[in-house]
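There are structures below to look over.
In what follows, subunit A forms one complex with subunit B and a second complex with subunit C.
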Partner chain A sequence: MSLGYVISLLYQYVDNVAFLLLAALGLMLILGVVNVINLAHGELIMMGAYITTLAYNRAHIPLALCMVLSILGVGLFGMLLERLVIRRFYDDKLGALVATWGIGLILSQGTLLVFGPSMQAVSLPSWTFSYGGYSFGGYRLLLFVIAIVVAVIAWWTFYYTRLGVRTRATMQNADMARALGVDTRRIYLLTFGAGSALAGLTGALYAPTTTIVPLMGNQFVDVAFITVVIGGGTNPIVGALTSAALLSLIATPLSSTLGTFIGRIGLLIAALIVIRFLPRGISGYFQDIRYRHMARVRS
Partner chain B sequence: MARWYTGLWRIFNGPQELGRGRLFWCLFMLVVLGLLTYPAVGSVFALSNLANFCLYVPLGLGLALLWGYNGVLSFGQSAFFAIAGYLYGIIAGNLLEMPGGTLLAAAGGIAASMAIAAAFGYFVFYGQVSNWIIPLLLLVLSLILETFMAQTAGYQWRVGDVLLGGYNGMTNVPSLEIGSLSFGGASIAFYYLVIAVMLITYLGLRLLVNSHYGYVVAGIRDDVERTRMLGYNVARIQIQVFVVAAALAGLSGILYVSWGNYINPSSMGLLAATLPVIWTAVGGRSSLLAVLLSTVTLRSLADTLAVRGGEYAFLIMGILLLVTMLFFPAGIVVTLAVRLSSWKTAHGELKQNRAR
Partner chain C sequence: MNTKQCDYVAGCTGQFNSNSGQEVAQLETDGESRRSFLTKMIAAGAATAVAGFPYIRARAAEPTPIKFGLLEDRSGNFSIFGINKWHGTQLAIKEINDGWTLEGGVQGPGGPGVFAKVAPKPPTANIKEVVDRGGDETAEDTVWNEEDEYLIKSGEKGVLGRPIELIAPDPQSDNTQFQALSRRLILDEKVDVIMAGFASAEREAIRPIMNQNKMLYFYNNQYEGGVADKYTFCTGAIPEQQIVPVMQYMIKNFGPKIYTLAADYNFGQLSAAWTRAMAPILNAEVIHEEFIPLSVSQFSSSISRIQEAKPDWLMMYITGQNHSNYYPQADAAGIKIPMGSSINIAQGYEHRRFDPPALARFHVTASYMEEIPTPRNRKFVERWRKMFPDEPYMAMEGHSAYVATHLYAKAVRLAGTTDKETVIKALESGIGVEAPSGWVFMDPATHHLSQYIRLASCDEKHNITFVTEWPYIEPWWTRRLGVNLVRHPESKQYIPDDDPFFKMFKKKEQS
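So, the complex of A and B:
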């Protein structure tokens, strides 16, 4: 096993982690705080990709600016969605699941009607370098860096800002938080907006790497759902990071030797086994350990 | 009247389903009679179309049982539909010469759906996961299966004599045959088969949900913990219901393949997965009858709309689903039925008061 091969595996691993993290973090944030699964997440990612592609191809705005437009556009759309629809399903998770599915269907089929079956993609910034016979895309590495930066920003907001304290209070006990003067509705609105903005960012970032079609969200959501199920909504950031790291560890060797399909099946089986033993996901398990530890210290 | 007969009748008219009065059963008989005599007047094309709409009824009723009566939502019913359809095609295509080969294939297809459902159910139901995880993972299962079947084009992907066909689908699947009777898509025999399957499924499930077992199933929906405390093995019952729903989906899948002699990967894709959910939600998941009606109606509506292009049909279905979830969370048919019965009661009381 040459050094080049090891580096290439590492590169694939990092690429997978970035993909899972970007695809799932927004979904997980919404699950953890608002306690709703947004099945239209894939369509929001698709929207982000369309905004970037349209802005770049038609208005000739610099690519980075297009991506900012995607984040803002999809984030605002998410807040609108929360106001109009999601708000009615706070205590009905299955209802939210079905309603957001309807939204997803409307968005994808509406896009198909308005923009047609496919669109010319933005050309990929071609920064490549090679080592030991393997070539690596610089853009992919940039994606990883951005994914980590996003996770760090989320972490910082969660634990080092006033908004974060209020959000965590809402997660822990919404009634109590409300009694102490936290506007939980605003927290829900902002969180849903932030989760949607993350979907917009993901779509914008991956727009140059894939074909732009109305159903492109699918390739993100199937792995995103597995990541969310394994991570659990108890602590969105810890859950997303650990779950993305674990799943990439499974998917990277499987996909590189046996193909993408076996890789995905491996992920599904991993998810089934994990939830058989940790029904609330990895972050739920961590919380249990912490509570047990606290109980032991107290007694 | 014999005793078992009245007992059965009472179960049929139990409280877990809409439509209990004498008027309802008269109407029901009238509709059945109409369906049975329809071949005398309808054209072959109309019969074949109606059979196509009705063959989805077991798929819809299975989800109604699972979601409406047991509280477990599934986005994977179309996957079970397609697994049975594909397996039927593979087995039947290899047993062309054998008498009764298609029946064996049908049994094999349904058994495969049930086995996959049981294996999946073992993990999620014994793990006692939260209720949102199950639909999510089933959706992932459907998406993975679709991507897999879509790339099986080419000669190397074949089982025995049958080509899987990739995105073009599996073609020339033989229709069901019993003895010398062939159930091709455009035959009167197939029409009667579908009507019989539809009625047996409906009445059978009606019996099931109003039996003691059905009460336990509904008890799990209302409160899992309480049912467990009462001493029922919740996970086992949930798996059983899940497997029954998968079997019904598989039954629809086999009828579909027998009708069109064709199946392709999009029948287990994202759009196909939405359809049973839409039928069940729009009709009203708490009533089998409502889901039966909405399944047939929405199938025919989608067929009419599809003439203008599939994206219109799905757009309108999506809008319908969202509107239902926002304004008629119990389902449109169920809401109407409840309004009607409360109006009738109020009306009846008024009459009584006047008489007094």
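So, the complex of A and C:
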């Protein structure tokens, strides 16, 4: 096994982590805080990609600015959605599921009607470097860096700001938080907006690397759900990070040595095993350990 | 409404029912006067009916339309291809209903010669140059002709005086929708013909339903070959027309080490089997094969495996919108290996959807591409753009759908009826048309088209050049296995493993 191969494996690992993390973070945040499974998540990602692509191809705005536009646009759209639709389903989890699914259908089919089946993609800045007979795309590494930065920002917001404290309070016990003067409706609104903005960011970042088509969200959604289920909604950020890291650790060597198909099967089997033994996901398991530890300290 | 009123009018019905060719031709050539004439007659008819003239002689003249069922994916994973095919069918139906037809008919192989003048050599290198240069005509040399238009007057609006009515629900790239909608078209709508399907999985999902109901079925798509079915006609290109030529070219120009990257379903598996079977015959070797599930869109592990294997060229059988992400990703990872294919860029116009140079060094054998520089194709592109100004690209399968629709109309006209068994006999009579790509001919024995095949090469700027052309490749493979649907109706799909010839060569390679 040459050094080149090891670096290639590492590159693939990092690439997988970035994809899982970016695909799942928004979905997980909304599930963890608002406790709604947002089935329109893929379509929000698609919206982000469309905004970036349209802004770049038609208005000729610099790519980085297009991506900011995606984040803002999809974030605002998410807040609007929460205000008009999702808010009415907080007591009806299954209703929320169907409502977000319907929104997703409207978004993807509407896009098909308005923009047609496909669109010219944004050209990818082709920074490549090579080592030991392998060549790597620089943009993919940038994706990883951004994914980590985003996770760190989310974590910092969660634990070191007033907003974070209120959000965690709302997560733990919404009634109690409300009694203590936390405007939980506002927290829900902001969280849904933030989750949507993350979806917009994911779409914008991956727009140069994929086909711009109305159903492009689907490629993110299936892995996003696996990541979310394994991470668990107890602590969205820790859950997303650990679950993306673990799943990539399983899928990367499998798909690299035995092929993409086996890699995908490995991912699903890993999900099965984790759910069997940690039904509340990795972050739920961490919480259980902490509670047990606290109980032991107290007694 | 018209029908009912006319029923009571002797004069009206008599005139329209006599249907003598002369009169029809006269009425059809001038649509405007026909319409005003009709309105007058209906007005008169209404008046007489009210006045109480009860003579009834024959049934009304208003012709019942020919019901044309179409199932193409307008949403879902395959919508890029399906919408294009839907448009191709719509254009052909509009032309037929407006009184046009593609030149052709029962001619048998060598059809192009019928309209030909004699040229010094066939245009194999660059057709445009030869056409423009012309050259001295000689009596003994190859027959060749290139006229700028093959769409001619059919002498009637619609077919047999009946307009074609398109019934086209959207199956949404979903196999179960295909099955449900097929049943609906057959049982409720009672259509006269069904054209349907992009993916092979879609075709195999509905082919049994077509057979059960003895429904005339057209599959207008390039595919992995081998379907031998009395009720199915395939108008797309097949492996002997695409895979064998492109492999020959790639091996000759780039080398014998092949890496196959294929979609993990029947099309990808069987096309890869073709490549595997043909490689030893062409003195080449498939060094690695990888099958990608249709849902996969991230290719970093495939890319590193390709870099590890170091093939001379890649055989690409990936499909659908998830898979097309491979191209920008491979380009971003700095892979510069030539690629050959039977589908990509001709089917999904990836060279227009991705910025250059993601598709550079790509080679595809296609039965049609928008860039074909012949005068007749430019006329075709003009007609298409006029009807669908927003169409991003006229792809191979849109052309197949267009040709199939014209071919069906021709067969119905020949049969003199829409009765399916009779139309099948007409389609098996050795019928062909001058398609925008070139002469195509429905092979009676196999129900597949002999095609005009071109090898397109895509450069760094995503310009297309046609480096080689094969004006007439027959669907010979299932015929070699003994398929003759005229004599022995059957319903199965042959796969490369059924061919003892391929196995013989495979053994030789192993020993």
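Quick note on the criterion: the second predicted complex is superposed on the first by the 299 of 299 C-alpha atoms of A that agree within 3 Å, B and C clash if a C-alpha of one lies under 4 Å from a C-alpha of the other, contacts with A are read in each partner's own complex, and residues count from 1 in each chain.
Operating definition for what follows: a contact is a pair of C-beta atoms (placed from the backbone, for glycine too) under 8 Å apart; a residue touches a chain by one contact, two chains touch by 3 or more.
Here the structure is a predicted model, which is why all the values come from computation and not from measurement.
Chemist: If subunit A is used to align the two complexes, do subunit B and subunit C fit next to each other or clash?
Modeler: Once both complexes are aligned on subunit A, subunit B and subunit C clash.
Chemist: Could you tell me if A:I275 is touching subunit B, subunit C, both of them or neither one (first, second, both, neither)?
Modeler: first
Chemist: Name the contact category of A:L215: first (subunit B only), second (subunit C only), both, or neither.
Modeler: both
Chemist: In the overlaid three-chain picture, which partner chain does A:R264 touch, first (subunit B) or second (subunit C), both, or neither?
Modeler: Both partners, subunit B and subunit C.
Chemist: Figure out whether A:Q109 sits in contact with subunit B (first) or subunit C (second), or with both, or with neither.
Modeler: both
Chemist: Of the two partner chains, subunit B (first) and subunit C (second), which one does A:A121 touch, if any: first, second, both, or neither?
Modeler: In the superposed model, A:A121 contacts subunit C only, not subunit B.
Chemist: According to the stated criteria, A:V150 is in contact with first (subunit B), second (subunit C), both, or neither; which is it?
Modeler: A:V150 sits against neither subunit B nor subunit C.
Chemist: Applying the stated clash rule to the superposed structures, which of 21-29, 201-209, 399-407 or 435-443 from subunit C runs into subunit B?
Modeler: The answer is stretch 201-209.
Chemist: In the superposed view, which residues of subunit A touch subunit B and also subunit C?
Modeler: Shared contact residues on subunit A: 109, 112, 215, 218, 222, 260-261, 264.
Chemist: Considering the complex alone, what residue numbers of subunit A touch subunit C?
Modeler: That would be residues 5, 8-9, 11-12, 15-16, 19, 108-109, 112, 116-124, 126, 128, 130, 133-137, 139-140, 208-216, 218-219, 222, 252, 255-256, 259-261, 263-264 of subunit A.
Chemist: Contact residues on subunit A for subunit B in the complex?
Modeler: 37, 85, 88-89, 92-95, 97-99, 101-106, 109-110, 112-113, 215, 218, 221-222, 225-226, 228-229, 260-261, 264-265, 268, 271-273, 275-277, 279-280
Chemist: For the complex, give me every residue of subunit C touching subunit A.
Modeler: Per the touch definition, subunit C meets subunit A at residues 74-77, 79-80, 82-83, 264, 290-293, 295-302, 304-305, 307-308, 310, 321-322, 324-325, 328-329, 331-335, 352-355, 390, 392.
Chemist: So in the complex, the part of subunit B that touches subunit A is made up of which residues?
Modeler: 67, 71, 73, 75, 120, 123-124, 126-133, 135-137, 139-141, 143-144, 147-148, 151, 270-271, 274, 277-278, 281, 311-312, 314-315, 317-322, 325-326, 329
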